[in-house]
Amino acid sequence: MAQGQHHIIPIRMLAIVFGLLLFLTLATVITAQIDLGLVNVPLALAIAGSKAILVALVFMALKYDNKVNLLVLVLGVVFAVVFLALTLADTELRGTIGITEPGTTELTVEPAESE
Amino acid sequence: MSEGSHNYLSARKGLWSWLATTDHKRIGILYAMACGTFFLLGGILATFVRTELGTPGETILDQDGYNQIFTLHGVVMVFLVIIPAIPGILGNFVLPIQIGAKDVAFPRLNLASWYLFIAGALMAVFGWLFVGNVDTGWTFYTPYSSGASNAVLWLTSAVFVAGFASIFTGLNFIVTVHKMRAPGMTWNRLPLFVWAIYATGIVQVLATPVIGITMVLLFLEKLMQIGIFDPALGGDPVLFQHFFWFYSHPAVYIMILPAMGIISDLMGTFSRQQVSGYTFIALSSVAIAFLGFLVWGHHMFVAGQSALSSIIFSMLTFLIGIPTGIKVFNWVATMYKGSVWLRTPMIYALMFLFLFSIGGLTGIMVGVLAVDVHLHDTYFVVAHFHYVMMGGALIGLIGGLHYWWPKITGRMYNETAGVIAAILVFIGFNVTFFPQFFLGSRGMPRRYHDYTELLPNFPEFAPLNLVSTIGSYILAVGLLMILVYALYSLFKGPKAPANPWGACTLEWTHTGRLPDEHNFHETPLVTRGPYDFRLADDVFGPKEED
Amino acid sequence: MSSTGTTLKHYFVNHEQQFDAAKLGMWLFLVTEILLFSGMFVAYAVYRSWHPEVFAQASELLDWRLGALNTVVLLASSFTVALSIHFVQKGENDKVVVLLLMTLLCAAIFMVVKYFEYSGKFAHGVFPGAGFEPQGIIDGKDYSKYDIPFAPQFFSIYFVMTGIHGVHVLVGMGVFVWLVTRVARGHFSPQWYTPVELTGLYWHLVDIIWIFLFPLLYLI
Amino acid sequence: MNEQGSIWLPEPASTVAGDVDSLFYFILVTSVIIFVGVMGAMVTFAWRYRRRSENDRPQPVRESKLVEASWIAIPSILVAVVFVWGFRVFLELGIAPPNSYEINVTARKWSWSFSYPNGAVSTDLHVPVNRPVKLRMISDDVIHSFFVPAFRVKADVLQGRYSYVWFEATRADTFNIVCAEYCGTAHSDMYANVVVQSQDDFEGWLVENMDDGSLTPARRGERSYELEGCWPCHSLDGTTLAGPTFLGLAGRTRNFTDGTSAVADDNYLRMSIVNPAQQVVEGFLPVMPQQYALDLSTEEIDALVEFIKEQQ
C-alpha cells in the first residue's frame, strides 16, 4: 500500500550523483596539494559541504521527502555550528579584553596616595 | 467505562508483565519506582550534607566523606532524578493519552530506555561501592576529575549510558507528538503539558549527545591521557567546561520545561479557565528550548574564558528571561475571573509560582556579569538553583503526581494530609534555602565542608547555616509525609471517579477510572481545545464522587 | 496486510503512519550522531586554530592516498546502498542482496585499510595520549622529528574521531549482515522495506562524517 | 575586622565594590517589586475568584494584546538596562589601571603563596592601601579560584595559563581570601588573609621579608613549610589533618599501608617529600602531590628535613 507509492529515485540520478561525488573527491585532493594560502581550508570545507549536501538530498532522498525530516537535519547542523561558533568565540578571543598588559613593579608611582 | 477487567493494571499479571511491558503507562510507573528510590537516596544524602554544615567544625563527616556525599547527592539528583523524572513518569503516562494515541511511537525503545537508565544507575552505584570514591562534584571539572580515582570511569560511563536513555525518551516523544495525534488533535489543541514535553524532547535530542562525547573524552583522558582537557598534558580545562555546559545548561531546561507544562495544565484545570496566552506559553516553551543552547557560557564568567564571550553569553542569557516571564505572567492571569479550586495540586502550582519566581529573579542576578563575579560559586548560586530545580522542577513534579494520582492508581489520597504536607514542604523549603542567599552573597563559597575559619569575620555564618539545616529537616518531614499518605492511598484510599477535577483533556474525559490497556476503546475525535471548559461542561461536567 | 510485510502495530492507524514515524525517529537519531561528532569537531577546530603549524606538520604522517582510497570506498558503498533501496522499492530482492553484499565488501575494505593505517602508526610509536613516542624512518620521514608539543593532541583527536567513526562502520556492517539474511528470506517488499531504508540513512550519515574527516585530517 | 556591611553584602573595601553593590541592590529592589506584584496578583486572584460552589462557572475573559505586549516589553527594557550596567562594571573589574603593582600568586592544594617584585614571598597577601594591585595567578595542580568577598573580585586560577585579577583596597584592614572553586579534600581550609597596609607599613614589611640568605637551615625549612603549603595537611601541634603531624615524627617507627614499617630517619623524611606515594603511613590516603621533587631544590629539601627534625 502506502510505501509502494514512495518516490523511486532513478538509477541514472544516483549514478550522476556518485560520479559527482568522485569528481569532488578528486578536486579536494588536488586543491589540497596546491598551496592557496588562506583559501585551502574554506575550499576543502566547501567541497566537503557540497558532497554532504549531495548525499543528503539524493542518496538520503531528502529532496523528495517530508520536509520535517529536512528541518530535523538542519536543526542538528545549526546547533552543531552554534556549539562550534560560541566555543571558538572564547578560545579565539582570549586576552582581547582584560588584564593582559604588564603591570609595574615600581612602588614609587603613587597616584592614588596624592588624592 | 466503569471499573472493568480491562484496565491497564488488571489486564496482565505477574512480575514479567511489568519487566517486559511495552505499555507506556506501565513504563511510566517503572520510572516512578526507580526515580522515587533515587530521590529517597539523594534526599538522605542531602540531609547528611546539611547536618554536617549545621554547626561549625566537623559534625558527622570528615572532609573526604563530605566531598563524596555532596558529589553523590548532585549526581543522583541531577542525572537519576530530575532529568528523567517528569518525562519518564508523567510524560510516559500522560502524553500519549493526552494526544489520543494508543501508545508512543516506539514502545520497545521506550522500555529499552528504562533499562538503559537502570543500567546507568547500576554502573554508578557499582563504581561507588566497589571501585572507589568519587569526590569530583557532579560537574567533573578537569584536571581534578582526570586525576581522581578510577570510579570516575564508572561514573562517566554511567552518565553516558543514562544519557542515551534520555535521548531515546525525547526522540520517542517528538515522533509521537508529530505522528500519533488523534484526528482533530491539531497543534493548537495540544495540551500545554504536551508542548512542554515536546520542547523538552528537542533539548534532549540535541544536547545529550554532547555530554556523551564529553564523557567519552573524559574517560579517554583519564585512561590514556589524550591531553584534550588536562593542562598538564597541554590540554585546556576551560574547553572541558564548554563541553560540559553545552549539555548541562540546556539540561536545566530538560528539568524545568516539563514542570512548566504541568503548571500550565494545573492552572487551567483548577481555574476552570482557558489558559491565558496559550500560544505564547506553547511557543515560549520552544523558544526556551532553543535559546537554552546559546547561554552555557554564563557558568564560566570567572573561569578564564575570554571577556568578549562572557559578554555575548550574558546578553543571550537575558533573552531567556523574557519567555520565562511571559509564562509566569500568563499563569497568574489564568486565575483572573476564573473559578479557583484550591486542592492540593493547585496549592503546589501556586507554590511553584512563588518559588520559581524567586529562582528566576535571582537567576537574573547571577546572569549579570559584574554581580556574578562576586556571586559565582557561592551559596547564592546553590540557593538559586535549588529554587529552580527543587522549587521549580520537583515541586512541579509533586503537583503533577497529585493531579494525575487518581488516574494512575484509581484512588484518591487524603486531601487534608496533602495540604498539611504541602505547607510543611513550603515552609521547610524556604527555611532551608532562603538563608543560603545571605550566606552566598556575604561570601561563603559552595562545596565547603567547614566554615569555622571564616567565623571571626563572618559570625553570621553559624546561625544562618543552623537555620538552613533545621529547614531541611522540616522539608524532609513534609516529603516523608507525602510518601506515607501516598502509600496509604495506594492500598486503602477511596476509589477515584474518572474525572475528579473536572478537567477536560483526553486522559480525564475519554478514559475510565483507570485507562484501558490500549488507552481508549475507540480513537477519540477531538473537536475542541484542551481548556475549553465551557464547551466541555455540557458533556463532561465534574462527576459526583462515588 | 501484505504477506511479506510485517504486521501493522496496533498503535498505528496505517502503514504510512508507521513508516513516517520510523523515518522521523531515525532522522532524530542521526541528529544525535551529528551532535556527538560535533564535540570532536569542536576539539579539532580549537586545537587546530591554536596550533595550525603543528597540525599541518603532524598530518604529514597520515597517508592521504589511503584516506582517499577509503573515501572512494565509502562513497561507493553509499551508492550501492542507495541502489539497493531503489531495487527494494521495485521488489527485485535478488539485486538487493547483491548490492548489500557489495556494501558489506566496501565496508570491510574500509576497515582493512584502517587496520593497516592504525597498525602502521602503532608500530612506530604513534599512540593516542601518553604512549605517544614516534620513532623510526618510513618513506623518508623521520618519525622522531614529529615528537613536538601538541602533536599528541592531533593524534589523540585523529584516533578518537576515526576510532568512533570506525565503531559506527562496524555497527553498520553488523546491521547489513542481519539485513542481507532478511532480504534473502524475502522479508521485504515494495510495501514494507523500512529496515532497509533506515539502515541506508544511517550508512549515508557515516559516509557524510567521513567526507568531513578526510580533508580535515589528511589533507589540510 | 568583622566585615559588617548589610545582611546581603559585606562592607565594601575596594574601589569597584561600591559599583558592584549599587547594581546588586538595583536588581534586588527591582526584583522585590516585581515579585511582590506577581505574588500580590496571584494571592488576590486565588482568593477573589476562589470556587464557591460545585456549579461555580468562570466569567469569560478576553485576552488583551496590550497586556501581553506590555509584559514582553517591560521586562525586556529592564534586562537591557541591567545587562548594559553589568557590562560596564564588568569592564571596570576586568581592566587594571596601567600603573598597577604586580604580585604573583601560586595556588596549590590547599594553600596560596604570594611573591613580590623584590623577592619576598608570603602565605598571606600584603598589599598597600589606595593603590591598584594586579595579581598574576597560576595553579600548580587543579583549578582554584581566588575570591575576596570584601573586594567583590574573583577569578579562577588555572594550571598552565595565567589568569589575572586586580583591585584597589580602600581600607587598611585584614580580609579573607577563600578558594571558590572546588579543589578536593581540604578545599574549605584553603584560605588566606589579605593584609591591607599603609604605604609605609607595606614597604617596611617588604624589606623585612626579603630573602637575604642569612637564615639557618631549620628557619629556611620553616619558610618552605609555610610557603610550599605543607601546613594545611601536616600540623606542628600533634593534630591529625590530611597527613601525619610533624610533631615527634623524626625517629618514630612508621607502619605503612603495605604492611611494612620503617624508622623515620633522614632518608625516610627525604623520600616522603620527593616520592610521597611510595610508602603511605597507615590511616592516611596517598593524596600528597608529587610535585615537590621538581619544585624544591636539594637545599630546600635538606632545610625542610632539618625543620621536621626540630619538631620534637
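Remarks
By letter and in written order, the chains are A, B, C and D; residue numbering begins at 1 in each of them.
To be clear about the criterion, a residue touches a chain if its C-beta (ideal position, glycine included) is under 8 Å from a C-beta of that chain, and two chains touch if they have at least 3 such contacts.
Treat the numbers as computed from the prediction; the structure is a model and nothing was measured.
Chain-level centrality, scored on Cα centres against the all-protein Cα centre, points to B. Summed over C-beta pairs in contact, the chain pair with the top total is B-D. In whole angstrom, the spacing between the mean C-alpha positions of subunit B and subunit D is 32.
Inter-chain centre distance (subunit A to subunit D, centres taken as mean C-alpha positions): 40 Å.
Computed centre separation for the pair subunit B/subunit C is 36 angstrom, with centres defined by C-alpha atoms. Multi-chain contact residues of subunit C, defined as those touching 2 or more other chains: 20, 24, 28, 31-32, 34-35, 37-39, 42, 46. In subunit B, the residues that touch at least two other chains are 178, 206, 210, 234, 236, 238-239, 242, 304, 307.
Annotation for subunit D: residues touching 2 or more other chains are 91, 94. For subunit C in complex with subunit B, the touching residues are 10-13, 17, 20-22, 24-25, 28-29, 31-40, 42-43, 46-47, 127-131, 149-150, 152-153, 156-157, 160, 164.
Within the complex formed with subunit C, the residues of subunit B that make contact are 101-107, 109, 167, 171-172, 174-176, 178-180, 205-210, 212-214, 216-217, 220, 223-228, 233-236, 239, 242-243, 518, 523.
Partner subunit A is touched in their complex by these residues of subunit C: 2, 14-16, 19-20, 23-24, 27-28, 30-32, 34-35, 37-39, 41-42, 45-46, 49-50, 64, 68, 71-72, 75-76, 78-79, 81-83, 85-86, 89-90, 190-194, 200-201, 204-205, 207-208, 211-212, 214-216, 219-220. Across the complex, subunit A is touched by residues 178, 202, 206, 210, 236, 238-239, 242, 246, 293-294, 296-297, 300, 304-309, 312-313 of subunit B.
Taken together, the subunit D residues at the contact with subunit B in this complex read 1-3, 5, 7-10, 19-20, 23-24, 27-28, 31, 34-35, 38-39, 41-42, 45-46, 49-52, 54, 56-61, 63, 67-68, 71-72, 75-76, 79-80, 82-83, 85-94, 141-143, 145, 147, 149-150, 152-156, 158-161, 163, 175-176, 178-189, 191, 242, 285.
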